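Shared between the two complexes below is chain A, which pairs with chain B and chain C, respectively.
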Partner chain A sequence: MLEKQSNVKAWLYLLPALALLSVFTFYPLFNAFLLAFLKDYVYGSATGFVFMDNFKNVIADPNFNQAVKNTSIIVFVSVPISVTVALMISVLLNSIKKFQGLLQTIFFLPYVTNAIAIGMAFAFIFNESYGLLNLMLSWVNIDPVDWLGSWETGMVSLLIYTVWGGLAFKIMVFLSGLQSIDKQYYDAARVDATPKFRVFTRITVPLLSPMIAYITVTSFIGSFKAYRTIVGLFGPTVLPAGTLPDESFITIVGLIYESLSKSDTPGMVSEAAAASILLFITTLAFTIVNMWVSKKRVHF
Partner chain B sequence: MEKIIEKLNLKEFWKDLKKFRFTKANVRTIAVYSFLLLFAIFVFIPFYWMILTSLKTLEEIETALQPSLWVKFKDMAFYNYYSALQAAPYIRYMANTVLIAFISTVGTIVTTISAAFAFARLNFKGRDTLFLALIATMMIPGEMFVITNYLTVTGLGWASPFTQTFPEAIMALSFPFMTSVFYIFFLRQTFKTIPDELYLAAKVDGTSDFKYLRRIMVPIASPTIITIIILNAMGTWSAYIWPNLVTSKEEYRLVTNGLRNAYTQNQGIAYNEAMAAAMIVTFPLLIVFLLLKKYIMRGVSRAGTKG
Partner chain C sequence: MEIKLQDLTKIFQAKDKTETVAVKSLDITIPSGKLIGLLGPSGCGKSTTLYMIAGLLKPNNGRIFFGDEDVTDMAPEDRGIGLVFQNYALYPHMSVQQNIMFPLENIKVPKDEALVRAQEMADLVGIGDLMSRKPKQLSGGQQQRVAIARALVKKPRVLLLDEPLSNLDARLRLQTREEIKRIQRETGITTIFVTHDQEEAMSISDEIVLMELGEKRQMGEPQDVYDFPNNLFVARFLGTPPINMYDGVISKKNVLVNGKAIGTTKGADGEVFVGIRPEGYIIDKDGPLELTVYMVETIGRDTALIIKVPNTENDTFRVIVDASERIKPGEVVKMKIKPKKMFVFNKETGELIN
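== the complex of A and B ==
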């Protein structure tokens, strides 16, 4: 009788968290779906319901194509690169003894840093006249490039920064995964004199596959939400210096906040809500596909 | 510093170096270290460039034919830090940030400990369903919540453009962050590892649930709680989007907004001063990380195994 159900008491313990979550998580979730179907919503009132108009407005937004393009490039280029590089670094780091602690600390450093502050440092690395990148290029006789001055080179800079920013967390997760792999597998491989690359593909990757799957899902979701890195690198206008708006680095999340900042115009909050639902559906679809692939591939 | 030198073990390294021969294994080792060193440099460069630039004079930056990679100690322009602090009220921003971090962290600790206790230890109807519903919200992009939270906070009058008061700004900045599904989940997992026998023994002795939570569970789970405190405080320090939305007066902003807003115009930025300001924001994070790495890593490895 010690473990009898204690409903009232349990709900009392849950009350503070649930009250806050109801106001700031559950209600906003339902409200986002409501807002997305309201007509001309402004200052808490709307003139009626619409079916797809807010979604159509999002898609018709002159920035929408640019936002989808930027977000897709960030997602599909930076995630594969950073996952691969992080995996290589982790496996090699795990295989060495000397300097392991020091190198590990360096690789972990970006995890805690501030996206805005580091973005500003990167902006100065990519600076045309005073930047480090152009200095290094001058060593191999390449003329200076105005990295942040056009969309193409700006995107290269942004991808470098995004990969940099994503490495630390991935290395941390991979390393903790590697350290939990039973040494017996490697001992057995050594007895059989298995080549190192085969050990990597046949033992390390399969046993690390839950971590790889987890990292892939979270990195895809995370980079679909790219925004702060861009504000850090290009400033709140997300524009390369002295270029046209159609060369901006706006992303889906940037679009949401841009609409939200015009909340005193009828319908803009609903547009933000509709855009956030599109983002949610996209990330959800990716998560489901990833989990489906993982189920077939991941060795548990 | 001594620890690092000890870890480097230079003497032994030198001994090994003398014995070096070009065998296949050695070439492999060189390749591995070169690869790791290359990426370590890549990771470290932004920090180095930030520190270096923050110590250069503007004259040196703008007149040097090529940026130098080193500043001599006697030429270091520590003055940049002073001018950065003069350019924007960083001390005020930091005080605001520390206050908000304190309030939201205390709130988070209280709400997550009690909720995690209910989920881990108490039996009640609908427990597993409710827990799943909470976990499911972790899949949803935060932007979906931000939209309505912004409306809620403005609706309550906490973020009015001209009439916002400091207490209103504090409430707007901290209330939405006084609990966290991830931390409830994280803490519940830790609470679950505490053996049931302890609880049953405490019950036999007539200990109340609250006393058991306070005297047994919280002390046992204290490393996890410390991790939550650190992650939460660091989150506030780096928060940008929400504070930008809900603060309407310059003096209510948090450090990251202050930093971004002070150096936004693309023309005529004093780069050394901007980098000094960026250092002021980055340095505390690096110190916290280096001192409390163990606790921060706990959070990460837990996140890594939840899948």
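== the complex of A and C ==
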């Protein structure tokens, strides 16, 4: 009896959150799955069900290959680099005593800054004629580069921006992890004449492995959804008129938006839904593999 | 390896610039190959002293010698010490074997040799069959043996143990202290351990160093220190049940407690503290002390009489008598004092007069 009562109470407390989640998360999620299997859906009506046609259309889209390529580069290049760089910075930050609080704040500032604002700042840094990067390059007599003008240099700029933008949160998590490691392990390592690099690889990294795994998994998921960063750096149109498909910075989420923007064409909303589901399945599969690998490597 | 501490001082400075003298002009010479217990109440500077010997803390003043070598400014890793931390500090992600081998990897011992040496050490401390376990899968006592093996495997010149038994339960503590003694005997390594537990220190140490407020109060073989305490602190700190301390007076070489002469002294007339060990009483119907028994504690081997007496430090104290004496609560017992168990201390300085 008592148990039942408290159950009712628990549900009661959960109700507001559940109501909001149902309307804004569960229903759209369910609806996306439904939309992906509708035929010629437009303005709320469809002519029937299809099985794979919407998915086939997504894959046949001339921008699909480019979106997969761009997303993959962002995922597989930026995540490992930013996790490594964040780890290095955290260890260095943790080892200094003076100004630690100040530096921690400085490194955390990007996290509370709007991504679009940061993107605009970076767009300025990478600007061909008055950008800071070209200015610095001119000091060492390197000709100005139109960083955002071509796909190759644009991708390099995007990756730099993405890595930098992701550092703040990672550093914060790593730092809190580092500070919770018992100092006696380091004293013990010191007494045993352990070189600094071995202390890092054999003690710090293993003891930090739960944090590293967490950050890696969440960063991978986040990068699969990359879109904001591109809008921040290149502007709101991911497919400017006249760009060739293999010159664009479209990502999978960008592709979804592109399809949605043509929602008055029959079937385009369903294509967007199908693309989201493809992204969802990929991310899920990747995360499962990720968790499985880290389970073997994480020591606690 | 003889260890010499010369005028060793450590001052900790808090953020508000207040200074705490943790260790004050400490002079100790620790003979080679002995097991030494640093003993004292918490906050007496014993762990600080240990960590200065280890090199993890830097003294503000004074020198530390290992043999003839001055190691004061040497980094801990160059001193050749093995250190066992209070909570062992075993690397949780490594197996027992990896933990023990870790110090050897650092000094680039070939893997085959390292494996052999790790196994030898593990066998010595009696955990040879647990090599593949993780520290979490071990009991407290086993973890501690791993920590000792890890400290010993690189053949240090000195073994340092910080409160080695404090994390173990009572039975394991008895067993482990014998074990530490045995390991020290077998390896012959100069060993210093820190403890606040007098029984622990007395039972296994070759010599004990008693510390209070950052200063050495007395050093010597446990029995000597117990039998001949230099001062009030040592007399009070050693012994369970604790020593019975009376306010007394010296009058013409006689020691008077509550107006009754209970012994003689060479001290000058004046007020003193008179300490009598609980086992220093003999029941004697002509004895000068008349004590009213308040309660009787039977232990089996002997009997503790709980006595209430005016002019003592505590309201009650214990007197240990033979178990064959059948005494009931409320009885008045007359006693005399064994002269060797009575100590007279200067009331101001706390120094022994006798």
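To be clear about the criterion, the second predicted complex is superposed on the first by the 282 of 300 C-alpha atoms of A that agree within 3 Å, B and C clash if a C-alpha of one lies under 4 Å from a C-alpha of the other, contacts with A are read in each partner's own complex, and residues count from 1 in each chain.
One rule holds in what follows: contacts are C-beta pairs under 8 Å (C-beta built on N, C-alpha and C of every residue); 3 or more make two chains touch, one makes a residue touch a chain.
Remember, predicted model here, so these are calculated numbers, not experimental data.
Q: Based on the superposition on chain A, does the combination of chain B and chain C result in a clash or a fit?
A: Pair status: fit.
Q: Quick one: is A:Pro144 in contact with chain B, with chain C, with both, or with neither? Answer first, second, both or neither.
A: neither
Q: Output check: A:Pro266 vs chain B and chain C. Expected answer is one of first, second, both, neither. What do you get?
A: In the superposition, A:Pro266 touches no partner, neither chain B nor chain C.
Q: Identify the partner contact of A:Pro195: answer first if only chain B is touched, second if only chain C is, both if each is, neither if none is.
A: Touch partner of A:Pro195: chain C, not chain B.
Q: With both complexes superposed on chain A, which partner does A:Leu35 reach: first (chain B), second (chain C), both or neither?
A: After superposition on chain A, A:Leu35 lies in contact with chain B alone.
Q: Rounding to a multiple of 10°, what is the angle at chain A's Cα centre between the Cα centres of chain B and chain C in the superposition?
A: 80
Q: For A:Ala213 in the superposed arrangement: first (chain B), second (chain C), both or neither?
A: A:Ala213: touches chain B, not chain C.
Q: Pick one for A:Leu93: touches chain B only (first), chain C only (second), both, or neither.
A: It touches chain B, and chain C stays clear.
Q: Who contacts more of chain A, chain B or chain C?
A: After superposing on chain A, more of chain A is contacted by B.
Q: On the combined arrangement from the superposition, state the nearest Cα-Cα distance between chain B and chain C in Å.
A: Once the two complexes are overlaid, chain B and chain C approach no closer than 11 Å between C-alpha atoms.
Q: Where on chain C does chain A make contact in their complex?
A: Checking each residue of chain C against chain A gives 54-56, 75-78, 81-83, 85, 87, 89, 91-93, 102-103, 105-107, 150, 154.
Q: Which part of chain A faces chain C closely enough to touch in the complex?
A: Residues in contact with chain C: 182, 184-185, 187-188, 190-195, 198, 202-203, 206-207, 209, 299-300.
Q: Quick check on the complex: what are the chain B residues that touch chain A?
A: Listed in rising order, the residues of chain B that touch chain A are 4, 7-9, 13, 29, 32-33, 35-37, 39-40, 42-47, 49-50, 53, 61-62, 66-67, 107, 110-112, 114-115, 117-119, 122-125, 127, 130, 134, 137, 139-152, 154-155, 175-176, 178-179, 181, 184, 200, 203-204, 209, 234, 237-238, 240-241, 245, 256, 259-261, 263-264, 266, 271, 274-275, 278-279, 281-282, 285-286, 288-290, 293, 296-297, 300-301, 303-307.
Q: Within their complex, state which residues of chain A touch chain B.
A: So the residues of chain A in touch with chain B come to 2-7, 9-11, 13-14, 16-18, 20-21, 23-29, 31-32, 35, 44, 85, 88-89, 92-93, 95-96, 98-99, 101-103, 105-118, 120-122, 124-125, 127, 130-132, 135, 138, 164, 167-169, 172-173, 176-177, 210-211, 213-215, 217, 221, 224-225, 227-228, 231-232, 235-236, 241-242, 253, 256-257, 260-261, 263, 269, 272-273, 276-277, 279-280, 283-284, 287.
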